[in-house]
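Shared chain: subunit A. Partners: subunit B in the first complex, subunit C in the second.
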Partner chain A sequence: MRKAVAFMLVVVVGAGFCAVLANIPFGEDKVNVANRYMRNGVRETGAANIVTSVVVAYRGFDTLGEVTVLFIVAVAVGAVLPPGKKPAGEEKEEASLIVRTGSKVLFPFIVLLGAYIFLHGHLTPGGGFQGGAVIASGFLLLYLAWPGQPVGRKAFSAVESLSGLAFVAVGILGIVYGVGFLGNFLPLGARNSLLSAGVIPIIYVAIGLKVGAELAGVVGHLMERE
Partner chain B sequence: MIVIEAILILLMLVAAVATSVFRDLISALVMCAAVSLLASLLFYLLDAPDVAMAEAAIGAGLTTAMFVVAVRKTKRYEE
Partner chain C sequence: MQQVANYMYYAGGGGLILIGLYMVMAKTNLVKIILGLSFLDTGTHVLLVAIGYVRGRTAPIFSEGMAETTPVVDPVPQAMVLTAIVIGVGVLGLALALAIQVYRHYGTLDVRNIRGLKW
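Here is the complex of A and B:
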C-alpha cells in the first residue's frame, strides 16, 4: 500500500516536471543578462573562461555566500564530531601495500592537478571549487591508505581561515580603491595569460585553498571517528 | 551525438533504479557514484566542462567516500 502510494507520488511529480520542462526550449537563452555576459564578459573582466567571469567577477558576492555556507558546514561537522579518544584496544589496521604505495605515488600529482585547475580557473574550465575538490580527494586517498592518522587538522584550519580572510580582504580592497566590494582594481593584463583578469586569479586561489582544506577537513573528521 | 546522450541517460536511469532497489548498501553506493559519473560525462558532452569537473570530483568521489564511512559505521544491509 505504502509502495503504491509512493509510486503514484513519483509518477505525479515526474509528470509535473515533464509538463513544465516541455515548455522550455532546450539550450535556448531568453535571459538578457546571459547574453550580455557572453558578449562583454571577456572584454570587461579579462577572463577567457566566461563561467569564471560570472562566478567570480559578476557574481562574486554570491560566491562569497557559497564559501560561507561551506565554512559553516565544516564548522558544524567539527562541532558534531570532535576529535575524541580512540576506542581502547582497537588498533586500526593499515591498508594493503598496493593502496599505500599507490596513494604515496599519486598524492603529489593529484594535488598538482588541483592546483593547476584553480590557478588556471580564469583560462581553462574549472576553478576554485573544482580544484579544491580534487585536492580534497587526494587527501581522501591518504586517509584511506593510513586510517586513523589525522593529517594536519591544525594546518587545515589555518589554511581555511587565512584564505577566507584573503578573499574578504581582496573584496574590501576593492572598496578602498573605489570600485566597490569585490570589484577589480588590478590591470586586466594580456588576455589568455596566467597573470591576467585582475583580481580573479587571486580570489580563485583563495577559494581553491579554502575549499580544499574544508572538504579535506570534513572527510578527515569523518574517517578519524570511524 | 544525441544517440550517445540517450544511452548515457538510459544508463543513468538504470543506475538510479538500481540504487533504490539494492539491499546491499555498498552496492547501492557504487550505483549512486555511477549516476554521478555518467552525469559528469553528460555535462561534458553538453559543453559544460566546469560542471562536469565538479560533479566528477564531488559527486563521484567525496560524497561516495562519506557515504561509505557512514555505512561502515552503521549496517551494511537494509532490512
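Here is the complex of A and C:
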C-alpha cells in the first residue's frame, strides 16, 4: 500500500519534471545575469575564477548564510551526540599497521592539498568549501587509523569560531571603508597572481578553515560513538 | 535520437531525484531513507549544473592567456551547487547522528517499530 502510494507520487512528480524541463532547452544561453558576471567579473572582482567571484563577491552575503547553516549543523551534531557517552556494544578495533603508517605519511600532504585548493580559489577550480572538505577527509583518515582518540576537538571549535569571526570582520571592515558589507576595500592587484582579487582570498581562507574544522568536527563526533 | 542525447543530463538528474523520492517514502530502514535524501541532493546538483550548461563553451575560469571574451558557461548554478554540496554533506552528517540516537533509544532503525513515526 505505502509503496504503491510512493510510486504514484513519483510518477506524478516525474510527469511534472518532464513538463517543466521540456520547456528549458538544453545547452542554450538562457539568462542575462550570467552574461553580466562573465563580461565584468574579472574586471570588477579581479578573480580569474568567475564561480569564485559569484560565491564570494557578488553573492558574499548568501555565502555567509550558507556558512552559518554549516555552523548550525556542526553545533547540532555536537548536541545530538554528546561526547563521552557510554559506549553501546561493538568494540574498538585498532587499525592495521598499513593504515596507521599510510595515514601518517598521507595526512600532511592531504592538508597541504586542501590549503592549496583554498588559497588558489580565485585562480583555479576550487575554493574554500572544496579545500575545507579535503582537509576534513585528512582528519577522517586519522580517525580511521586511531579510532576512539578524539583529535583536538577544542582546537576545531577554536579554529571554527576564529575563522567565522574573521569572515564577519572582513565584512564589517568593508562598511568601515565605505564600500558596504563584504565589499572589496583592497587593491585588486595583477590578474592571475596569488595576491590579487582584493578580499576574496582572505575570505576564502577563512571559509576553508571554517569548513575544514566543522566537517572534521562532525566526522569526529560520528566516529566517537561506540 | 538527438533529442534523447540532448535531454540525457536532465533525465539523469531528474531520475536521481525520483529514485531518492521513492527511497525516502517507501523504505523502512532509516539509513536507507537517509541514503534517499542523499540521492535527492545529488540529483538536484546534476540538474542545476545541466541547466547552466551552454553548448560549446568552456569552464568559467579566465586563466592566464585566455581572452576576456572567451565564451563560458553559466557560473551562477555552479556557484550554488558548490555550496549546496558542502551543506548536503553537513545535513547528511546531522541525519546520521540523529539515526544513531534513534538506534540507541529504540534499539531499531526500522521506522515501523518506532512509536510515533507510523503512517
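Structure notes:
FYI, the second predicted complex is superposed on the first by the 216 of 226 C-alpha atoms of A that agree within 3 Å, B and C clash if a C-alpha of one lies under 4 Å from a C-alpha of the other, contacts with A are read in each partner's own complex, and residues count from 1 in each chain.
Here is the rule we go by: a contact is a pair of C-beta atoms (placed from the backbone, for glycine too) under 8 Å apart; a residue touches a chain by one contact, two chains touch by 3 or more.
Keep in mind the model is a prediction, meaning the values are calculated, not measured.
Legend: residue contacts after superposition of the two complexes on their common chain; A:T101 is shown touching neither subunit B nor subunit C. Look at A:F129: by the touch rule set out above, it reaches both subunit B and subunit C.
When the shared chain is aligned, subunit B comes close enough to touch A:L140, but subunit C does not.
When the two structures are aligned on the shared chain, A:I117 is found in touch with subunit B, with no touch to subunit C. Residue contacts after overlaying the shared chain place A:S161 against neither subunit B nor subunit C. Shared-chain residue A:M223: touches subunit B; no touch with subunit C.
Contact with subunit C, but none with subunit B, is seen for A:R2 once the two complexes are overlaid on the shared chain. More residues of subunit A are in touch with C than with the other of subunit B and subunit C.
In the superposition on chain A, A:T68 makes contact with neither subunit B nor subunit C. The contact surfaces that subunit B and subunit C form on subunit A in the two complexes overlap at residues 49, 51, 125, 127, 129-130, 133, 215, 218-219, 222.
Across the interface of their complex, subunit C is touched by residues 2-3, 5-7, 9-10, 13-14, 17-18, 21, 24, 26-31, 33-34, 37-39, 41-43, 48-51, 54-55, 59, 62-63, 66, 69-70, 73-74, 76-77, 80-81, 88, 123-125, 127, 129-130, 132-133, 192, 211, 214-215, 218-219, 221-222, 225 of subunit A.
Taken in their complex, subunit A has these residues touching subunit B: 49, 51-52, 117, 125-127, 129-130, 133-134, 136-137, 140, 144, 215, 218-219, 222-223, 226. Touching subunit A in their complex are the following residues of subunit B: 49-50, 52-54, 57-58, 61-62, 65-66, 69-70, 72-73.
Here subunit C touches subunit A in the complex through residues 6-7, 9-10, 14, 17-18, 21-22, 25-26, 50-56, 59-64, 68, 72, 74-76, 78-79, 82-83, 85-87, 89-91, 93-94, 96-98, 100-101, 104, 119, going by the rule given at the top.
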